[in-house]
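We just call them A, B, C, D and E in the order they show up, numbering each chain from 1.
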Amino acid sequence: MAPVAPRSGDAIFASVERVNAELFTLTYGAIVRQLLTDLEEVEEVNKQLDQMGYNIGIRLIDEFLAKSNVARCVDFKETAEVIAKVGFKMFLGVTASVSNWDADGTCCSIVLEDNPLVDFVELPDTCQGLYYCNVLSGVIRGALEMVSMKTEVTWVRDMLRGDDAFELQVKLLKQVPEEYPYKDDE
Amino acid sequence: MGREVSESCVDSLLTEMVSSYCDRFYANKPDLAARRIEAIGFQVGLQLSERYTMERPRFSDHLEAIKFICKDFWSELFKKQIDNLKTNHRGTFVLQDNRFRWLARMSVDPSPENGDLSQDNPPAENKAAQATSMHLYFPCGIIRGALSNLGIPCAVTADISNLPACSFVVRIKA
Amino acid sequence: MAAIYSLYIINKSGGLIFYKDYGSAGRMDTNDSLRVASLWHSMHAISQQLSPVAGCSGIELLEADTFDLHCFQSLTGTKFFVVCEPGTQQMEALLKVIYELYTDYVLKNPFYEIEMPIRCELFDFNLSQTVQKDCVALLGR
Amino acid sequence: MIVCVAVVGHQNNPLYIQSFTEADDALKLHHIVHCSLDVVDERVNNPKKSGPTLNETFLGLLYPTENYKVYGYLTNTKVKFILVTTDLDVRDADVRNFFRRFHAAYVDAVSNPFHVPGKKITSRTFAERVSTIVKSFGLSSAG
Amino acid sequence: MANFLAQFHTIKNSSDHLVIAVEDVSDLWPIVKSEFEGRLPFKRASLNNKTRNSVSVENLTAEFILTTDSRLRSRFPLEQSLFWFREPYATVVLVTCEDLDEFRTILKPRLKLIVQNDEREWFIVFVSKAPPNNDQATKLAKKVYAKLEVEFSSKKRERCCKLDIQSPEANFWEDLESKIMESIRNTLDRRVQFYEDEIRKLSEQRLMPVWNFCNFFILKESLAFMFEMAHLFEDALREYDELELCYLETVNMTGKLRDFGGVDRGDDQAALLNPGSKPLTQIVQDDSFREFEFRQYLFSCQSKLLFKLKRAFEVASRGYSFIISFSKALALRESILPFCMREVWVITACLALINATASQYNDGPPDIEKEFYRLQGDLYSLCRVKFMRLAYLVGFGAEIERSPVNSALLSMLPWPKPAVWPLVPPDASSEVLVKEKIILQETPRVKHLGIQRKPLPLEPSLLLREANRRRASLSAGNMVEMFEGRPIFNDGSGSDASTKMSPSQKVRASSMSRTNSSPGGFESSIDRPMRLAEIYVAAEHALQHTISNTDLWKSLSSLEEYEKKYLELTKGAADNYHHSWWKRHGVVLDGEIAAVCFKHGNFDLAAKSYEKVCALYAGEGWQDLLAEVLPSLAECQKILNDQAGYLSSCVRLLSLDKGLFLTKEREAFQSEVLRLAHSEMKDPVPLDVSSLITFSGNPGPPLELCDGDPGTLSVTIWSGFPDDITLDSLSLTLMATYNGDEGVKALRCPSAIVLKPGRNIITLPLPPQKPGSYVLGVLTGQIGHLRFRSHSFSKGGPADSDDFMIYEKPTRPILKVFKPRALVDLTAAISSALLINEPQWVGIIVRPIDYSLKGAILHIDTGPGLKIEESHVIEMQSYVDLSQIAADMAKSDAAQKEGSLAVDKNFEQLRLHAGRIEFPNWANNVTSILWIPIRAISDGLARGSSSVSPLRQSIVDGMRTIALKLEFGVSHNQIFERTLAVHFTDPFQVSTRIADKCNDGTLLLQVMLQSEVKATLTINDAWLDLQDGFVHTTKGDGRPTSGFFPLVISPHSRAAILFSICLEMLNAEDEAKALRPESILNIKYGISGDRTTGAHPPVAVESPGPEGARQDLIFRSSLVLQRPVLDPCLAVGFLPLPSGGLRVGQLVSMEWRIERLKDFEENEVSKHNNEVLYEVGANSDNWMLAGRKRGHVSLSTKQGSRIVISILCMPLVAGYVRPPQLGLPEVDETNISCNPAGPHLVCVLPPALSSSFCIPA
């Protein structure tokens, strides 16, 4: 079958249903704040945000694939590029850049200059150690896991902590092969 | 034109928020979960009302404020207005949205196998209803937040006659 | 009107999560469909193993004298396949559309638990709409 | 020049008050702002006085004293902005423009998820934005 | 035209009402004058206003003037037109006439002559003197009047009216008035028309150079004045407004510098309410109007009209803005006006306005009223500011409270800018000294409670510098003038150059100049910078010149006077504000009043006002301002010895934002609190410190306790005190969340505690609580005599309002007390029986159910027939039963590490003290087993059973009980009681039967031994002591025939021993006295068992060693043998059972045949010999018997008579069971022969298989 050509991030973003970013931003903010109130421990909040992100990711990936028509990526490099250029654009309307590849191409940084999640946000001193955008790392982790890549996503830079950009380090742990559908005893 | 994000961002965020609160944090305390979700909505409503009432004269009475919610506020959020507004002129307003966006993707499955909600086990019907209502505490909170920020303390409840129609009942505290 | 006999959706672990029969000749009961699903799942996997060249993504089209079987597997491992009249066109496109419906109405339904059998009115509804649509509509895309 | 700007909550509590004079007499500005609330109340409580500008957010000049002018602005959410300036010939347009930008800044400040409604605004960004707005007061519409 | 001005002015002042001319043709005026003037002023009149709409005016004053009067003498036509407003508005022609001829010849022509000049509005009053009784005369008069009417009246205008002096008609006067009015109206209209035309003409050429405001003014004001005379005030006012407008325009338009005015003596007193204060001629000079006077003049005219219109409010509002704008104007001219003219003027203006309006105001609608009071307040406070400014200048500055309000008012108010700063008059040195003294004496106002704070400024810039700068600039300027052409000063354009110099430089410059100036003639203080005192004095003198109003000057003359005035003004402002919307203004000014009261030691009043102010600031959270007032309030309370108030003030001070006070200040507050707390207070003061001390449970899960356990609760307390503070006592209340009625419990902190600033963690002992979950309530405590309480939680506490529900967290339960539940379990380790009468180990399993048994104590109480072998120690060891092991495996390996393996090793020997055992620590959390050596005593001898004496043994007689009571829990508060049943038994159960009967009479007695225990028994020896009537066949010791010992019997199996015995011949009497009624079976046996499974070797033998070493136990059991029947008289035969065999649950009828073998003659066995009593006995748990078990059957005494007794029974258990036995109680057994004998045992088959009925495998 003639594979449908992959579409550019902007094209997709233009085509999908969109809503005011404020709603998204404020909602996320309110959630984070409520989590802080309920869970008290910043560490715990980071954990939960990541968890939420993961749960979102494992569902979102399919929509991404369906709407973007991206073919299976040949390698992790390509995957990262697709996430940065198409994924972020398609959902958040911003594009990220990929950099800091390590030698064997299993670890890179996704750098985000602009991030709708943090409009208006200022971290109070009581919340040092909070990874406000931790949901993002979760999403990436979850999504990649669904296409059988176990990854570890960590924050390297965070504008809310005074850095000049948001930088996520994505580390490919292992590429899980398609599990062979039947056991030996069959 | 302000910046935008894909709708599925909001959708999945809300879905996940609700399920986290109902299934993880307050798994078997639906009322607590509900309060939290409502609270989140409240804050959002508060801030949105602050934002969307810029550049407009102050409302002279409750009705004006409610109308604002129905028209401008709603269309900012959902790109559509409330379809029908009823009131008993004694502080109760019913805002009906015939196709409430946040329910648009929701199909409730009455069959008990539906494992989404971890309530004890009431009959599947109201089990499903409860699950859906969990998703409505957020918009209720938004409305309440917006109104109380406009100086109208009130209580907001939602009721779903048949998806995806949904009507919000605003009771203004005398 | 494309004569589609039936539609299957299989989750990545080979469980049948959706089955719809559009009037295939030999009706099958639930167990049959389950069996078909797991069987196809295995065959699909075996076909990948069999492939002499690396990077085979499994059977896409299986032609029998009485029917064609078009299969589409998403990168996340979910398989969609239709059984249809031999030589029916546009099945890949159809499958793509179904995939999108799946993402829109199944995955976005908060009550749907991933990997679980699909019970979503909205999905059924939109699905039947799409399938009713004749090939011209599909060509349009 | 603008000597003081303030945000006052719907319970008439100061949310943000910044004076642009030597710090030691900031207190008198607190006083001015606080007393100007009287006028705001007056305007709001018998609206017929504020005839044409009924329910307009911009309340105009609150105080016609010899030495300074106090302008007011009342948002839909019952939050008041007060501006104290010592230059005696001010164009209404400038003030309106000032308040509009100030309001925008305020809205963004309270959109910070960690801001507690009804509590003081501690945001640094807000402070910076305000000072730039104050600096550019009068210039914008002059050009 | 300006030269008319004087005239105009005088005219205007002279005439203030309308004039009506009286043309007295026939000298009637003296007669009618009084009545005519009696009509004045006209009650009501309807006139046309400027826009020609008729308005009705009241009490229109007017004056009748004879045309012959000098005032109406002819004037120049020009001025006539100019001052037209004063010309008559109507002309009344008074005539009378007796006969027609006279009329025709004299009167008519004359009248024609009079009325030809149509300028005037005229009408004729015909007066008839004819007496009413004189008909002839009256008729004539009528005739003449008729003629007159014909001549002068026309259709469109009725110009005549007739007055009978003798009998005036009622309607004459109305007629007259209406005619006058008509005339006035017409005249007015015409003149208005005229003036308007004139004015229009002028305004058209407004922009031409020739144009002259003066003319315009005269016309305009004439018009206005005319309106005023006609009581058309509205129109008059409009004219003045237009005039003012026009004036301001022209004044600002024409650039040429005019004389401003305001330099005359008395100008300092505002004249904005009395127009006549100055003649216009003074105001206007060479037809330019002096702004100063003229604007006041205009305003005064306006206000006059406004008052006439009863619009005092408008006067006030116009007045206020007028004052503001006018004061601006004054500011511009400050250099030419006297020193501080502006301030003085404003003061007087405000006061004048206040008095006038206040007196004139009569209440209007409420909102207007509020507004009015606000204006009054504004006027007062404006006045107040200026007054303070003056006071400052003359050196009362030190007395002025440096409060925010004063600072706000004064520090933004520029200093007066006179061209020359007044200099010290030559002879004022003494005054200077006085001021100096004052300055030196004046001590900086100390803040209370040792608060140091930079005092707020009251001056825009330092007075000293300001004044000297102005002097300097002047002096420099003078120099320039004085030393014309001197190069050094020629260059730098003098004044501003030197202003740039600092005073010191200035001094040098000037001194240097002095040296240069050859004639040192002009020695003055010009160039020397003035000292502050000098400035004061100078100002004072200058002011004295400025101020003409004596009492204003008086109030500046001395401090007391100043304060009097100051208070008056402040009060005035405050009170008025209180009546208006501007409450805050009012309250703040109250604060100012309070300050004065305070200074004068009127602390009560001061405190009251301060409280109001504090309440205002606190209520709206203006902490910075509050921080300014609160100390004063505190001070008052301190002085008034209002401890409660003072304390709460201190606490409030402490709870203000940290930034507002220095730490040492805050420490001072704290020390105050402590001082009071420990000082002698009449009664302990309760105090709310919620704002200062907050508390919450520690983060993390709540403390969990089991029902009835005490614990310790740790709580976080935040202290807002700047310093450590010692609380003598502290207690917190717990509130049950669910059951509200469940009251609150207070937890007391046992000892005094010290709170550090900030976060403290304290622990409270927690007595046992009812089940439920608890939250913290209020915190109360004591410092010295001070009882304080705090309700407020730290973050994590409940939300204050619903609006903030977002930040609401439900108050986290801090304590959970669980419902009562099993915390431990005690069970018997073994179910199987132990050996009776032997010391045995009984095992008790102690299983803690996730609850620690630390220090637990077990009370053991053995029931009857059981005693603990004190001699032996009790053993305790950890116990793992297999099921638990499985569970452990399932559990995470973490649990494994914790070591169930290690636990196994635990073993310990314990001693029993007074029936109590203390548990070792290792047993706290692990299941353990307790081995207690006991012995069950039973004195009864075991009984064997045989066909004749069936076994009847019940479970109970082997049963013993152990009552256990476990005390555990943190303070042994938990009790667990259980009574265990322990089962004891003999090793064997013995039953016998005759196995065989040999011909030689030898009987083989089979003794069956059923092992009753779960242990292997070894029989080493057994012998039988036979009862009388039996002997062993073999002359032996009664050992069994076949001696194959040791005989091993495995648990619950059975064995048998054979004895061969035979009957011993003996006669009846021996038989009668049978010594030994029963035989005794003796068994010597050993037991090898494990205590964990059941019976085991007695405790005495420690470990059961090798076979040999085992010491034997003896078991004795009695059994009864029975001699066979010798002379049977009854035979009982057991009829064969039905073939099919027996099945469980199937009815079967058992039958016995009874037959008489011989009659009863000789010895009567039974009374009723033809009846036999039978009884069927069966083991009830094997059989169910239906029908009569016992009863009489008749059996004839004949030999050979027989009957059959049958009874229905149902076997209940399968296997070999003893069948039911038929007994004949009344018949001696020896007389019964059993033939055929019934079977010992019958076989009962299990019930037939059926689906519904399943078989135990």
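We take it that a contact is a pair of C-beta atoms (placed from the backbone, for glycine too) under 8 Å apart; a residue touches a chain by one contact, two chains touch by 3 or more.
Not measured: the values here are computed from a predicted model.
Visitor: Without counting subunit C, go through the other chains and collect them into connected pieces.
Guide: When subunit C drops out of the picture, the chain contacts still join everything into one piece.
Visitor: Would you pick out the chains that touch subunit C and also touch subunit D?
Guide: A, B
Visitor: Write down the chain pair with more C-beta contact pairs when A-C is set against A-B.
Guide: A-B
Visitor: When the mean CA coordinate of each chain is compared with the mean CA coordinate of the whole protein, which chain is closest?
Guide: E
Visitor: Please tell me the distance, in whole Å, between the geometric centres of subunit B and subunit D computed from their C-alpha atoms.
Guide: Chain centres of subunit B and subunit D, defined by C-alpha means, are spaced 34 Å apart.
Visitor: As a quick test, compute the distance in whole Å between the mean CA positions of subunit A and subunit E.
Guide: 43
Visitor: Based only on mean CA positions, could you tell me how far subunit A sits from subunit D in angstrom?
Guide: Each chain reduced to its C-alpha mean, subunit A and subunit D end up 42 Å apart.
Visitor: Mind checking the centre-to-centre distance between subunit B and subunit C? Centres are C-alpha means, answer in whole Å.
Guide: 36
Visitor: Mind pulling the residue numbers of subunit B that touch at least two other chains?
Guide: Residues 8, 12, 15, 19, 39-40, 43, 46-47, 51.
Visitor: In subunit C, which residues are in touch with two or more of the other chains?
Guide: Within subunit C, the residues that touch at least two other chains are 104, 108.
Visitor: Give me the residue numbers in subunit A that touch at least two other chains, ranges are fine.
Guide: Only 22, 26, 28-30, 33-34, 38, 59, 63 qualify.
Visitor: Quick check: in the complex, which residue numbers of subunit C touch subunit B?
Guide: My answer: residues 104-105, 108-113, 116-117, 119-123.
Visitor: Using the touch rule from the top, collect the residues of subunit D that touch subunit B in their complex.
Guide: 10, 54-57, 74-78, 100, 103-104, 106-107, 110-111, 113, 117
Visitor: With touch defined as at the start, can you tell me which subunit A residues reach subunit B in the complex?
Guide: 13, 16-24, 26-31, 33-34, 38-39, 48, 51-52, 55-56, 59-60, 63, 90-93, 116, 135
Visitor: Considering only the defined contacts, which subunit A positions touch subunit D in the complex?
Guide: 22, 25-26, 28-30, 32-33, 119-124, 127
Visitor: Enumerate the contact residues on subunit B facing subunit C in the complex.
Guide: These residues of subunit B touch subunit C: 8, 11-12, 15, 18-19, 105-109, 111, 113-117, 128, 131, 135.
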